[in-house]
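You will see two complexes here that share chain A, one where it goes with chain B and one where it goes with chain C.
Let's look at the complex of A and B:
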């Protein structure tokens, strides 16, 4: 490796390290505040490291504020939304990219349009719809609208377009039925993109605030961010308690990213074609 | 094993573009038929129609006597090697080979035996656990070929299977392919844009241009009796010279047909000595000499244009000097100026075999 290359590489790593630090710093700080007793946490600028680490905030927020219940709600909704949206994006994205049918362009355009409409604009009509079918205060009220996320469909569609049609034709000639092709060729090929879509949808669902606040009026059905906001209003002076809630909201995200990164970082298309 | 019959097949795209027009030909049972034509003439489209991947606009396609116009690709019993290989990127070589059999529910032990047998035949035993991205171009090519072979189909369709390889490897695989065809005895349609490949590999060849069949015959007949000016110029390298009667010293002695003929002479038909009293002569100034090793390509200019001749390199004049060349009258091809069709000149013995002496 030449000196120039080495300098470039060192510079790149340095830049990445700075970015990673800037991203991780607030996460670590909030976690450490969560582990502090009230006086230490309430100091004008809390220190970066708990001097007498304790789990009292965590225990308090779980036992007194029913955080477990909200955590469970959020988890059910996020996982169901993720699973359902991967199913929808996987089949709709493939269909729009690779199956010939009448009105395909029209449907593609409508889905694209869906990406452009802000969620806030949909809140009122959605609420009316769900009240009419008596699904307010049900998990379905949060899962169903989010499962047909147009962003996921558009992403999978673009990804499938880049996969050569000849591969699918080869499978047809090999005798595979359309369903078999979907199962044995299409799904494995789009797995990295599907994983990325899944993570994205999970995060969006986990962090969603406005619609869950409106659709889940019964307190026992509330999700973490909504419940946390309510606790915040009540206990705004208890910084340690709030930090514990925030930490518990972040943890699943970190876990999801760590568990899924190897899927969406993998590139399987390399080498299938000659050029 | 089965014959492939194509009758009056048309393909018009939804955009209205006509890709194939009134294409008819037959690949006989067990034959290796080469389809050759310039890029974009519709070769891949033709194979896709035969495989059932696209639907025909008009006409009939029969495989083994059965009309397959409405039969989906899964049930046509054909195997195809794609122009770009189209291997399954997420499967190992073993899985790529086995996929067609698995889909058909072949017992596992039988799949294993046949995959290993085919891999051995193609020299892929050591590659079975690798993914396509870990293979060289030639190995990918063999894998694509093996995937088609394993199924033991009624008909093989090969779309420029060697085009992505370098020249020595291409020659080697071409030999292997010919040997493979002999040992399997399956009907093969081999598409290529390389006329030399069609000449060397095909038992018969179909020349396609602009979506139309130009000629169907044995390579020897296509070479020696091209059906029209296009075929004459496309098949053979370096390409045929097209001359007028004035190009020759004694234009009046050039065999005349109806008025408006154009004459074709292959570069190798020229010689530096008169072979007989009837030979035609032409002269010109040497512009360029390109050595090919044993022989030389000589480019000469005349008042009527350029002429390319293939001659032995010994005792040639130098660049800038005049040279005189002789052509046997029987080596002259003639084409109608208006429609480009071949015109048989009266009273000439052709040097190539006649159609009835076809080598099959």
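Let's look at the complex of A and C:
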């Protein structure tokens, strides 16, 4: 190996190490602050790790700020959104890719149009709608709009198109009903993409901010990011407390991502190929 | 082979209903609202509601806050998107060039910020950027530089927000570019190597042109994401100092849910949507150009 190549290779590893340090450091540091007592957290010379680790911030944010309640809300909303999205995107993606019916192209086109509508621009009429039917401050106010996610449909549709139609046709000739074909053949076939869509939607739902802040005006119904932003307005000077809140909001998604990385990244990559 | 079956429509029905109720009807709703003077008085008594045509849009054109919000949002898009694309590209190419067994580790490390809550990220960065005990200023101090009030000065605050946005976002593009890089056939590189082409030549003549369509799509994804900037300024600066970090969506939110000026807020929402469609249209046409040659 020439000297030039060796330098290039060393430089590549060094560059990557610097980048990885830059992305991970803020997250590690905030976790570390969460474990510090107030004087250390706000020291003029910042300390990198807690010299006298304490759980006092974690205990405070759980007991005084009811973080457990918000955690529970986030979990309910994320699971319900994920389940409903998978049901909806699975059947619609399959229907658009592999079943012929009147108006199919029109529906496909509407789904594509849906991708191009910034959903945060719709919060005003959405709020009015939910207020009219008295569903503000209900989980449904977060779950239903989030399940109307065209991205999941597009992902499943593209995935199903890549699967040979022969398998389905054989079953149709055998006289199996569409529903039966869907349940016993299609769902197992598209399971990997459904899982990818599920994880993606779960994380998006957990992290969603603007609409949940608007729809959940009642404190006990707020999700983690919404509650965190509200606590922050009042307690931003309590660095340890806010660091604990931030860490406890992020950490579950980091674990979800680490555990389902294969599926998660599949949905990211597929999203760039479907267009 | 596909046969017409009436049951096919049933498969898409749930999705269609959800999209209609929660996307298309609200879109029509926001357009309708933008043509009215819906405000706090109309909430109290619907008789105070009037259709005023395009007046909200005319007001918007003469609204200094709206222009400032447009400028702020555009700065984040114009500075942030190229920076993100460049970082996504560089990190993806670096990852694809190292030994297989290390790739997963770096990929994970660079992607982690993408899955983190923006609110939590903004809180974390506010402490990093703090004037008194923030680590960024401490490092500047070690280099003999004076502490910078990142979030307190109008020019720096928007820069700081752009940095946070890019830091959180580039890992997403890295994954996509990385996958696209794998699709480039090795033969192209072998041929170039035999002809004696060096690393820069291969990069500029093979890699970048082959990745152009992917980067084009990525640009649209990044633009549409950054165009909807909201949580970062909401938490980090609350739109200040002097309104310098109030994005279009933050302005819409304040007009709509703080002052209950729904007509005016809806006009901002429509403008935001229209510009996004313009971005998508431009992207589609440039991509068609790339495909053509």
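Everything below uses one rule, namely that the second predicted complex is superposed on the first by the 226 of 275 C-alpha atoms of A that agree within 3 Å, B and C clash if a C-alpha of one lies under 4 Å from a C-alpha of the other, contacts with A are read in each partner's own complex, and residues count from 1 in each chain.
In this section, a residue touches a chain if its C-beta (ideal position, glycine included) is under 8 Å from a C-beta of that chain, and two chains touch if they have at least 3 such contacts.
Please read all numbers here as calculations on a predicted model, not as lab measurements.
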| query | First (chain B), second (chain C), both or neither: which does A:119 touch? | reply | second
| message | A:174 in the overlay: touching chain B, chain C, both, or neither? Say first, second, both or neither. | response | first
| Per the overlay, which chain contacts more chain A residues, chain B or chain C? | C
| task | Report for A:89: first if it touches chain B alone, second if chain C alone, otherwise both or neither. | result | second
| request: Tell me which partner A:254 touches in the superposition: chain B (first), chain C (second), both or neither. | output: second
| query | Given the touch rule stated above, what does A:153 touch, chain B (first), chain C (second), both, or neither? | reply | second
| What part of chain A is shared between its chain B contacts and its chain C contacts? | 169, 172, 177, 268-269, 271-272, 275
| note | The chain C residues in contact with chain A across the complex are 1-12, 14-16, 18-19, 21-27, 29-30, 32-33, 87, 90-91, 94-95, 97-98, 102, 105-113, 115-121, 123-128, 132-135, 138, 167, 171-172, 175-176, 179-180, 199, 214, 217-218, 221, 224, 227-228, 230-231, 234-235, 249, 252-253, 256-257, 262, 265-266, 269-270, 272-273, 276-277, 280
| field | In the complex with chain B, residue positions of chain A that touch it | value | 164, 166-167, 169-177, 180, 184-185, 188-189, 268-275
| message | Under the stated contact criterion, what part of chain B meets chain A in this complex? | response | 48, 51-53, 72-74, 76, 78-80, 82-90, 99-100, 103-104, 131-135, 137, 140, 147, 151, 164
| message | Help me check something: in the complex, which residues belonging to chain A touch chain C? | response | 8-9, 12-13, 15-16, 19-20, 22-24, 26-27, 29-30, 33, 41-46, 87-89, 91-92, 94-96, 98-104, 107, 110-111, 114, 116-129, 144-145, 147-148, 150, 153, 165, 169, 172, 177-179, 182, 203, 206-207, 209-210, 214, 224-226, 228-229, 232, 236, 239, 242-243, 245-247, 249-250, 253-254, 256-258, 261, 264-265, 268-269, 271-272, 275
